[in-house]
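One structure coming up, written as structure tokens, with questions to follow.
We just call them A, B, C, D and E in the order they show up, numbering each chain from 1.
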Amino acid sequence: GGSSPEEPGTDASGPSKVTVGVIPIVDVAPIYLGKEKGFFSSRGIDLELVTAQGGAAIVPGVLSGDFQFGFSNITSLMIAQTKNVPVRIVANGAASTGVPGKDFGGVAVAKDSPITSAAGLAGRKVAVNTLKNIGDTTVRESVRKAGGDPAGIEFVEIGFPDMPAALESGQVDAAWVVEPQLSAVKAAGGTVIASNFTDTAPNLTIAAYFAGTKLIADEPELVKNFTEAINESLAYADAHPDEVRAVLSSYTKISEEVRTALILPKWPTEVNRASLATLAALGTTDGIFGDAAPDLGKLLP
Amino acid sequence: MRIVYWLGLPIVLVVAWWVATAGSTDFYVPPLQSIVAVFFDVWTLDRLRADVLPSLLRLLAGFALALLLGVGLGVLIGSRPRVRATVEPVLEFLRAVPPPVLVPVIMLFAGIGDGMKILVIVSGCVWPILLNTVEGVRAVDGVLTETARAYGLTGPARLWRLTLPAASPQIVAGARQALSLAIILMVISEMFAASSGLGYTIVEFQRSFAIPEMWTGIILLGLLGVVLSGLFRLAETAILGWYHGLRRAQKG
Amino acid sequence: MLDVNGLRKTYTGDGRTIEAIRDLTFTVADGDLTCLVGPSGCGKTTLLKCIAGLLPPSAGTVTFAGSPVTAPPPGMAVVFQEYGRSLFPWLRVAANVELPLRQKGLARDRRRELVASSLAAVGLADAHTAYPWQLSGGMQQRVAIARALAYEPRVLLMDEPFAAVDAQTRADLEDLIRGLWQRLGVTVLFVTHDIDEAVYLGQRVLILSASPTVVREDLAIDLPSSRDQLHTRALPRFTELRTHVYEQIQAAKRSVPA
Amino acid sequence: MKPLLGLAGLGGFVLLLEVIPRAGLVPSRYLPPAAEIAVALGGELADAGFWAALRDTLSGWVLGLLIAAVAGVVLGLLIGAVPVLRELTASTIEFLRPIPSVALIPLVVVLYGASLQSKLVLVVYAAFWQMLVQVLYGVRDVDPVADETARAYGLGRAARIRHVLWPTALPYVMTGLRLAAAVALILCVTGELGIGAPGLGARIAVAQSSGAIPDLYALIVVTGLLGVAINVGARAVERHALRWHQSVRGEAAV
Amino acid sequence: MLDVNGLRKTYTGDGRTIEAIRDLTFTVADGDLTCLVGPSGCGKTTLLKCIAGLLPPSAGTVTFAGSPVTAPPPGMAVVFQEYGRSLFPWLRVAANVELPLRQKGLARDRRRELVASSLAAVGLADAHTAYPWQLSGGMQQRVAIARALAYEPRVLLMDEPFAAVDAQTRADLEDLIRGLWQRLGVTVLFVTHDIDEAVYLGQRVLILSASPTVVREDLAIDLPSSRDQLHTRALPRFTELRTHVYEQIQAAKRSVPA
């Protein structure tokens, strides 16, 4: 991008303005909570959160300097890395709960579906939010673990919000859904037949906060402060689920009822490197990185 | 001479693009050279057959359907002021709903197959045809209308021999608009529940940070637009020969 | 055959109200050839459109063959004053003439024949394949006339149909119409500005007043029924009649009734 | 009379929306009946955030539409009036037009970020073509006799554009404006949806990802009603500006 | 003043090639009033458009005041045969008449005055605020004439300008044109189908052959220059001249040259 970044943090006297591109989903609750709790302002960061629909808009925003930081799922970041997009993870984002059947995302089928386990998905139509990404990779792994053959699965791209309807109307046989849609599916009588995150790795890291390498090089102080603030937020969120559920109402429209019942992700402060290596290996096998393989050393902080 | 006209400006623009991006280090705006370099690697015959052809067929199906629907409804609405007054607000309502939020609703009714994608194309590109047909029908010359009435031209004969030809210049204008919209909507429709197709491929390139490849897709869309509009021009010349003659009549 | 009774037409719209026709009552018998003359803007075209069922009158009625006219009655042909705009620009000349015949359900051969003969009658035998906008004004007008003739109507309404043709062609067309009328017994209502023409053609000339219009005079033309351009026009009675009509129009134009 | 008919039409549509889910044609979970949407709409209307979003969307829309309309009309008249320009630009126009605004999202984000500008670029890009093409077709509709009259009386090119080309193209322009207005609104909302620029679109995105279906439809209804409002305005302008035109005077007569 | 030299016009297009004008050569002096007559479709309109610089000739030249005509020369007004289409439907009558005056750069008051006087001259003093399509055919034609008169042209080209008006109005307009011509010395080229009109109006009548067109006769009208409807038309010389022209047109129509 031609536009020059707004030189955040250079002004030593006042707080530096920091814009973060996030997706309005449960995963980013800690940063909203942290903002509310003053974890950022106490470090001289005047935080602004801008919601976008997905990585497609956030990554260019980070590269152009419009956002200083962004939130993205790990596989997308790995893909970016293989394409030499100059970004690097600065803090953990969200992680699987690691409890099979009680994760914040999973593979669900509709009421009365004949499919009862991941093995039954072979040859079926399965919805994921984005093809060639974390969804299909992990679902395949679930199927493998259950002894099925993932080769014949027909993945269909459907946005999370549209999955409950697609599932119920039988347009797909199964869907990989996350909260809050997971709750909606369950409410409509659907059942979770596999927890693809936990099947892939224990405590799989799903998403992370990242920044452009230029910012990391030019303003280490700011990045350090941001990382600390995020980490404090993550830890606080993990410890105070009720406050997390409360803060959800400030930036989402998830109904009260669902908010109190939905399964929250885990928010460890450390990126689980081993799980990422697994994810990278799976992705490479599935060919989602093309011919390349991600170099995690260049991606992780 | 024609060729010079057709190629003149594009060549200038391409050269300008080439020069302007020659040393570009911007991740999202790669040098044109590197875009061109990957073009033929990306758009192999196989890929054209697997991704572009189905898209194209859906596009044509959607366009044809929109044409039918737009002209049919347009004639009805345009020739009856009361019908127009009744349905116009509803149509305007539907028209203002953005396709990306409309698609999920369409999916409720039409599933996620080709039918849905064609419907999405129709839902977007029917409007210019409809509006132009309505206005074209309303604007049929009063003397011609009276002539037709005096000679007992009613029913289908009136439709085929008066209303449609008289409104055809404006209908064609609408169809021309719709054609490019159809291409755009083809892309949008493939952002939902797709795993192949030209639009999907472009989005997929974009998501996987294959930026030069994404640009080749955009260029292909443009080229597709040029080819389709060339075909359209042929059809237009055939249908509106009289009109072009009439409008040029006294120009020498 | 044709009864116009207390006809009145007022145009409103766009802040302008024009009483075009105040009160017209007259009858045209079956097989009559009536000419209508009157000052420009007096409502001749309006009257013709009301008779043709193309324009709803503000008051009064038009009755055709016993039934009130609300839509164009079948078997009627009209030549419009705006001849140029009344031709379908997307149809070639032959197709323009043929279109009403198709609508009438005539067989193809019969249509061909009628198209060819009527175009030949107006002197356009070699213009079949031209588009109307490739023709001169007079030629366009003749196509409109040919279309009406080919239709073989029972009633023929003509609104200044010869305005754009040269004197010689006009004379030929006048004789054509009279011949047709005598041969086939069509009822003809003929609007013209040419007083000689009105007297030469008509059995009867209706002279209209200036707008708001009433019938100023209903003049029977007592010339011999077999007429020709040279002799009829040279008759003293012809001159008398035309002078009379001229004076009437002149008077009509002057005295605009309140 | 006419507004009444229109209201009746809308009423019928609302009724349909109420009946379809109630009759179980689609699960009401995913397409809530009109009454539920109305309740959600009431909730939105009571929310200050909604009004701020509406203001954001409208400002982007008005500005974008204005730019697109002016540019489309000016360039259209210019290109249409000068045959050489028309020939020269034809192929380029055909190339640029089918490029979807949505495909430009990453590019504009790079250039302008999640700001009003990027929304404007999208809106202008999409709406501009609608105007331009309509104007080009409208210009072609000039009656040669009218144009010759103007030339014979010494009207220069500029005067002919003003007095002949423009009025002739006006009906096409009006249609173009109505098309462009809706497209601009759509792109405004879609842009907000994708880029995250503040506005109704961003609110729709939140409602969508939160599974708040009635709220989602309430917001869609708002965009639809904006469309209706736009049309009411356009028709009013048309009744005045085109009262000389067959389409308006023809219907006034009956 | 106006030189037409070897003019030739062939229309091509849509598979149809029409040699409208084969070879026309004539000169119109400054301040002449020339009438053009000829069979329908012989190319009068085409000729007028070539002279006006609206239509490029296929061969030959038109020279106006010494310089070749390629675009409409300034100071020229045209009344088109298609009067209806030559009025701008989006402008009211007064604005239609005023538009060329604005273009000429006249002051507002002067424009008002010219519009009012020219509309009054054609008998449309109370039609200022009507739209053209609210007028009758003859009224529209008179608006077109008023527009040309208000323009105060040096050269006035008129293509059957009185075709749609009644006899009385026609006579009035004829006298109006002659008066104007005598008073202001405008050069007038007047196409008409009415032979009496041509003889009554012109100093000179150009008789054209049928298409492909050449000049058949260039007839000087040796009637006294002060003319009036009653007496001039009653002159024996008038009758001689009109009979002569009539015969020439008749002959022109018959003998189509190869």
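Note that in this section a contact is a pair of C-beta atoms (placed from the backbone, for glycine too) under 8 Å apart; a residue touches a chain by one contact, two chains touch by 3 or more.
What you see is a predicted model, and the numbers here were worked out from it, not measured in a lab.
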item	value
Joint neighbours of subunit E and subunit A, given as chain labels	B, D
Dominant interface by contact count, named by its two chains	B-D
Mean-CA-position distance for subunit C and subunit A (Å)	82
Centre-of-Cα separation between subunit B and subunit A, whole angstrom	37
Whole-Å gap separating subunit B and subunit D, where each centre is the average of the chain's CA atoms	16
Sites on subunit C at which at least two other chains make contact	13-14, 82, 85, 131, 134
Residues of subunit D engaged with two or more neighbouring chains	30, 106-107, 110, 145, 148, 193, 208, 245, 249
Subunit B: positions in contact with at least two other chains	26, 28, 108, 141, 206, 245-246, 248-250
Subunit A residues within the subunit D interface of the complex	1-3, 21, 23-25, 50-53, 56-57, 60-61, 63-67, 159-161, 164-165, 168-169, 180-181, 183-184, 188, 251-255, 258
For the subunit C and subunit B complex, residues of the former touching the latter	49, 52-54, 71-72, 74, 76-78, 80, 82, 85-86, 88-91, 99-100, 102-104, 131, 133-134, 147, 151
Subunit E - residues contacting subunit C, complex	11, 13-16, 18, 37-41, 43-46, 81-82, 84-85, 129-131, 134-139, 142, 160, 163-170, 193-195, 246, 249-250, 253
Subunit B residues within the subunit A interface of the complex	26-28, 104, 107-108, 111-112, 192-195, 200, 203-204, 206-211
Complex contacts: residues of subunit A adjacent to subunit B	1-2, 55-56, 59-60, 63, 76, 79-80, 83, 85-86, 130-133, 154-159, 161-162, 165-166, 169, 171-172, 288, 290
